[in-house]
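Here the structure comes first, spelled out in structure tokens, and everything after it is commentary.
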Amino acid sequence: MKKLSARRRHPLAAVVVLLLALAATGGLYAAFAPAGKAQADETAQSLAIDEGKKLYSVGCASCHGTGGQGTSDGPSLVGVGAAAVDFQVGTGRMPAQQPGAQVPKKKVIYSQPEIDQLAAYVASLGAGPSVPTDSQYNPSGADIAKGGELFRTNCAQCHNFTGEGGALTNGKFAPSLEDVDPKHIYEAMQTGPQNMPSFPDTTMPQKQKQDIIAYLHAVNSDQSASPGGLKLGGLGPVSEGLFGWIFGLGALIAVAIWVAAHTAKAKKS
Amino acid sequence: MSSQENSESLPEAQAPAHGAVEHAGDPFADPGLPAHKPRIQDIDERAAKRSERAVAFLFFLSMVATIGFIASYVIFPVDKIVFIFPFGHVSVLNFALGLTLGVALFCIGAGAVHWARTLMSDVEMPAERHEIAAPPEVKAQVLADFKQGAAESGFGRRKLIRNTMFGALAMVPLSGVMLLRDLGTLPEKKLRHTMWSKGKALINMNTNEPLRPEDLLVGSLTFAKPEGLEEDAEDFQTQIAKAALMLVRIKPEDIKDKRELEWSHQGIVAYSKICTHVGCPISLYEQQTHHVLCPCHQSTFDLSDGARVIFGPAGHALPQLRIGVNDEGYLEALGDFDEPVGPAFWERG
Amino acid sequence: MSTTTDARREAPAGERIADWADGRLGIYSLAKANMRKIFPDHWSFMLGEICMYSFIIIILTGVYLTLFFHPSMNEVVYDGSYVPLQGMHMSEAFNSTMHISFDVRGGLLIRQIHHWAALIFLAGMFVHMMRVFFTGAFRKPREVNWLFGFLLFVLGMFTGFTGYSLPDDLLSGTGVRFMEGAILSVPIVGTYLSFFLFGGEFPGGDFVARFYSVHILLLPGIMLGLMVAHLILVFYHKHTQFAGPGRTNKNVVGMPLLPVYMAKAGGFFFLVFGVIAVVAAIASINPIWAIGPYRPDQVSTGAQPDWYMGFSEGLIRVMPGWEINLWGHTLVLGVFIPLVIFPLVLATIAVYPFIESWITGDKREHHIADRPRNAPTRTAFGVAWITWYLVLLIGGGNDLWATHFHLSINVITWFVRIAFFVAPVLAFIATKRICLGLQRRDAEKVLHGRESGIIKRLPHGEFIEIHEPLDAGARYKLTAHEQYKPAEIGPEVDENGVARKVSPLQKLRAKLSKGYYGEGNQIPKPTAEEYQEITSGHGHH
């Protein structure tokens, strides 16, 4: 103890304390960061099914079971349909990398033909939504304003007004929808991946899904206008408040320091 | 220039000797104001000229910016969007007007401050403070005056006048309070009832069509309103604020609450969409856990267990609407909610 | 007679106008007292100016906005130029705000200046208040002005809230809904209050018009009055200053209003306005078109109020859902307790000056601003309060912290629940220790001088760092603060041996006073003897 107190005035003491604090913070973060479980989904045609089955047994069977019946590590894929596979694998969510509250989007590791084969195989296990065609999800000619209203009724509660994403319980989250492929948005609404509920055609017809896709394209793509300037993440008052404090008040205080500072005096010579 | 005059009229500012006498005895004594040190501008006329030009330049820049503001206002259409790095696709009018206005204003300020900092006298001078409280003789005078005034009014002596005046003054604001009565209607039982009643079909919020049980799949989420409530109705907002409904289909074997199962139709359960905490439309439904989260204050309800609260600040479960199917095969309400929807209140019971 | 008229005729026009005004308003006497009034220079003394100027900017832009805004909740169908809302039902309030943003040239800029200035106004008041707090500038004779400032902050919060609700958009509507829920939780009268406020059931068709008159007339009117009073008192009391050579409790040292402060303060208005205009040019705020019109059955995740209401949002988010049902009545503690704590959080800092003056029992005027380290307990209290406030702000944004730091919302909520009680205590202890450490360092510096960074090798081989003695000015500055002695209750028995009555309040006061000024709670200033001993001994290094 005495040794410690003698050394606390050491010049490096501050650095050591800082490092300890950082390590403690990191440890706390690791301890509290959400941990959980993983899941997945998949779909079908004769040759493609065979090819898909091979791919499946290598990449998917360990969690979803050899026949897609599901295991403790992954849900059953019987009846989830081709659309679910196309979404999960096509956005890189599947195959899952590590357990977590939720399986996030990542780099896609299968080629589109491989995804199609996987989808064909999983679809052969039980009937489910098929992969939508371009005419189903293409938003051209859709009603953007109606899409906006539908989005605010059905989607904004999780994904935010313009699809910036938001938090769910216990570390789960609704992802940002910025620049997501229209096909994948359509498939997500159709199949309800992971904890997202589905919005089947019986309650939200195809035309309305196109409206929603059109709205998202209008307000949350890299071409979307933000007339007022920086969007600040589209997150509302929290980011506005931070910006106001740092760049608004911060700039004003910097100016105030200049106004009140003493002018440089002439050097004695 | 003027600094010379100032310092002459206030000799103290130039007299660092103030307090220096005791200095030898007390090492912490106030040595007094230090002597003024000149700035470059005070001793070098060329430097002063440079400052003058800088100030004038700032004022000139402000004029240019104002002309830029006017030009932007005239030139740029109000709906023109352009890409400006790093701000994104922004309204060119807003951007140009804001920047020119900002520069025009900032330069006036910067010019004035630079002028003050470099060319106006920077001799610091003291001003004496005076005690805020009045001297005793003033206080005595005021008290005497007050006593005399009070005595002349007879305020203390004529108690009848005083008391009736207090009475009148106390009562007269009541008129104002009365006038507030018509600010709103009385609550009565309004918070207890919604538009739902027996036989009202559940209308899909999206399509405005009545819903059939087979439309709702396990894991899906649907929002409904009562039959007869149209979006252009005058009281739409007030009605939907209570009647908004959230429909999910859960496998009957997954439903833990007995009453919930009874009130459902083949696992289709209808819950109020209005949070029982402070009334946000709660609908962040996680189809695997059957949890529904409120985006405002994170109250979490378990829809597979009577929508009981499992986390957050809500005090009671979401009210469930009892539903069935009518003769034509459409979902219908079997009555109103049996408890008030939305936030709790004193009379809720 | 004729000569005076001649003289008057010869006087320049400006002087003649001034003469005219003086004859009616007495401006010369006013100017005599104020024209060369001295103001001290310090950047932190300009924080109040930031507030005042942003308030003026808010009024100017606000008046412009009223020319176009329709405070009505009548329903209309949007047919303006923003495509993603065309054909939507909305209130006239929302529609006219859309009109201002998309069809009035410069309307969007003015809206954004108005809103950014509001955020900065509140942030400025917060920082200004903290500056006054930490320097002890609230002490006699400025307690009343402290309260005026505090009231301005609170009124500013509500003016901001009502203004933010006017466009009737989905985000602000959610906030109003929350307000309704909070009012409903008030025991006995809550339901009635809510019905009277909203003209019946929520949302009804009245609240925008009612908020409008509150936002543009009632609250700003009161604020304007308070601000004028605040300024008059600043003038009347003269500004505080930090201790320094020649700067004492009896004077104020600085530069005169005319010309230096006229230019600096006047110029600063333009600087503030300019900075806010640039912020409004480059950064979007409250884009109601992206948010959509209010519908009570719609909502977005990440529903937050503006920052100054964030701490109340935190309170309501982390409160457990307590609800008591008794005798047919519901006591909604889960909402009502936060509603009660909300003003308490603010009042805690507002009443502090009176508590401190009660503990010190000091009746003198104080015009020298304290260095925060020299009032360790006060500083620690202030930091604890800010910590409390920040913890609640974190709670108010728990969903965004969750998504941006990949944490669980439930864990953050629990963290805030615990930190609400623990964090201020830790902050208090840590701050006090830091303050005392800094005091020790000051004392050291006074006695031994400043570390010069020059290393000298003594003849016998020892290395020492040369300490340069401080000059008289620096010594004065570091020792100018006064140190109180802890209040004594005195002996329990008087000189006749009769037990003296000591009220519990007196005991509490003595205890607190010891906590403030007792041994170990402040570092004694170096004495002249100590200084002499060290400097004359020449044995120092």
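So that you can tell them apart, the chains are marked A, B and C in the order they are listed, and the count of residues begins at 1 in each.
Here, a residue touches a chain if its C-beta (ideal position, glycine included) is under 8 Å from a C-beta of that chain, and two chains touch if they have at least 3 such contacts.
Protein identities per chain, from UniProt: A = Cytochrome bc1 complex cytochrome c subunit; C = Cytochrome bc1 complex cytochrome b subunit.
Only a predicted model underlies this, so the values are computations on that prediction, with no experimental measurement involved.
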| item | value |
| --- | --- |
| Nearest-to-centre chain - CA centroid comparison | B |
| Chain whose Cα centroid lies at the greatest distance from that of subunit C | A |
| Distance from the mean Cα position of subunit B to that of subunit A, given in whole angstrom | 30 |
| Cα-centroid distance, subunit A relative to subunit C, in whole angstrom | 38 |
| Whole-Å gap between the CA centroids of subunit B and subunit C | 15 |
| Subunit A: positions in contact with at least two other chains | 153, 157-158, 166, 168-169, 174, 226-231, 259, 262 |
| Of all residues in subunit B, the ones touching two or more other chains | 87, 91, 94-95, 98, 113, 117, 122, 205, 223, 281-284, 295, 298, 311 |
| Of all residues in subunit C, the ones touching two or more other chains | 41, 102, 108, 112, 264, 267-268, 271-272, 275-276, 280-283, 295, 297-303, 398-399, 409-410 |
| Residue ranges of subunit C in contact with subunit A within the complex | 41-47, 49-50, 83-88, 101-102, 108, 112, 116, 119-120, 123-124, 127, 170-171, 264, 267-268, 271-272, 275-276, 279-287, 290-292, 295, 297-307, 310, 397-400, 402-403, 406-411, 415 |
| Contacting residues of subunit A [partner subunit B, same complex] | 39, 150, 153-154, 157-158, 166, 168-169, 172, 174, 192, 194-200, 202-205, 208, 223-231, 258-259, 262-266 |
| Subunit A partner contacts - residues on subunit B that touch it in the complex | 37-44, 81, 86-91, 94-95, 98, 113, 117-118, 122, 204-207, 211-212, 214-217, 219-223, 248, 281-289, 291, 293, 295, 298, 300, 311 |
| Interface residues, subunit C side, partner subunit B - complex | 37-38, 41, 75, 81, 89, 102-106, 108-109, 112-113, 141, 174, 177-178, 180-182, 184-192, 194-204, 206, 236-238, 245-256, 259-261, 263-264, 266-278, 280-283, 294-303, 313, 316-323, 325, 328-335, 365, 367, 398-399, 409-410, 413, 446, 471-473, 475-476, 479-480, 525-526, 528, 531-532, 535 |
| List of subunit B residues in touch with subunit C within their complex | 16, 18, 23, 25-34, 73, 78-79, 87, 91, 93-99, 101-113, 115-117, 120-129, 131-132, 180, 183-187, 190-191, 205, 223, 225, 231-232, 234, 236-238, 240-242, 244, 273-274, 277-284, 295-299, 309, 311-316, 342-349 |
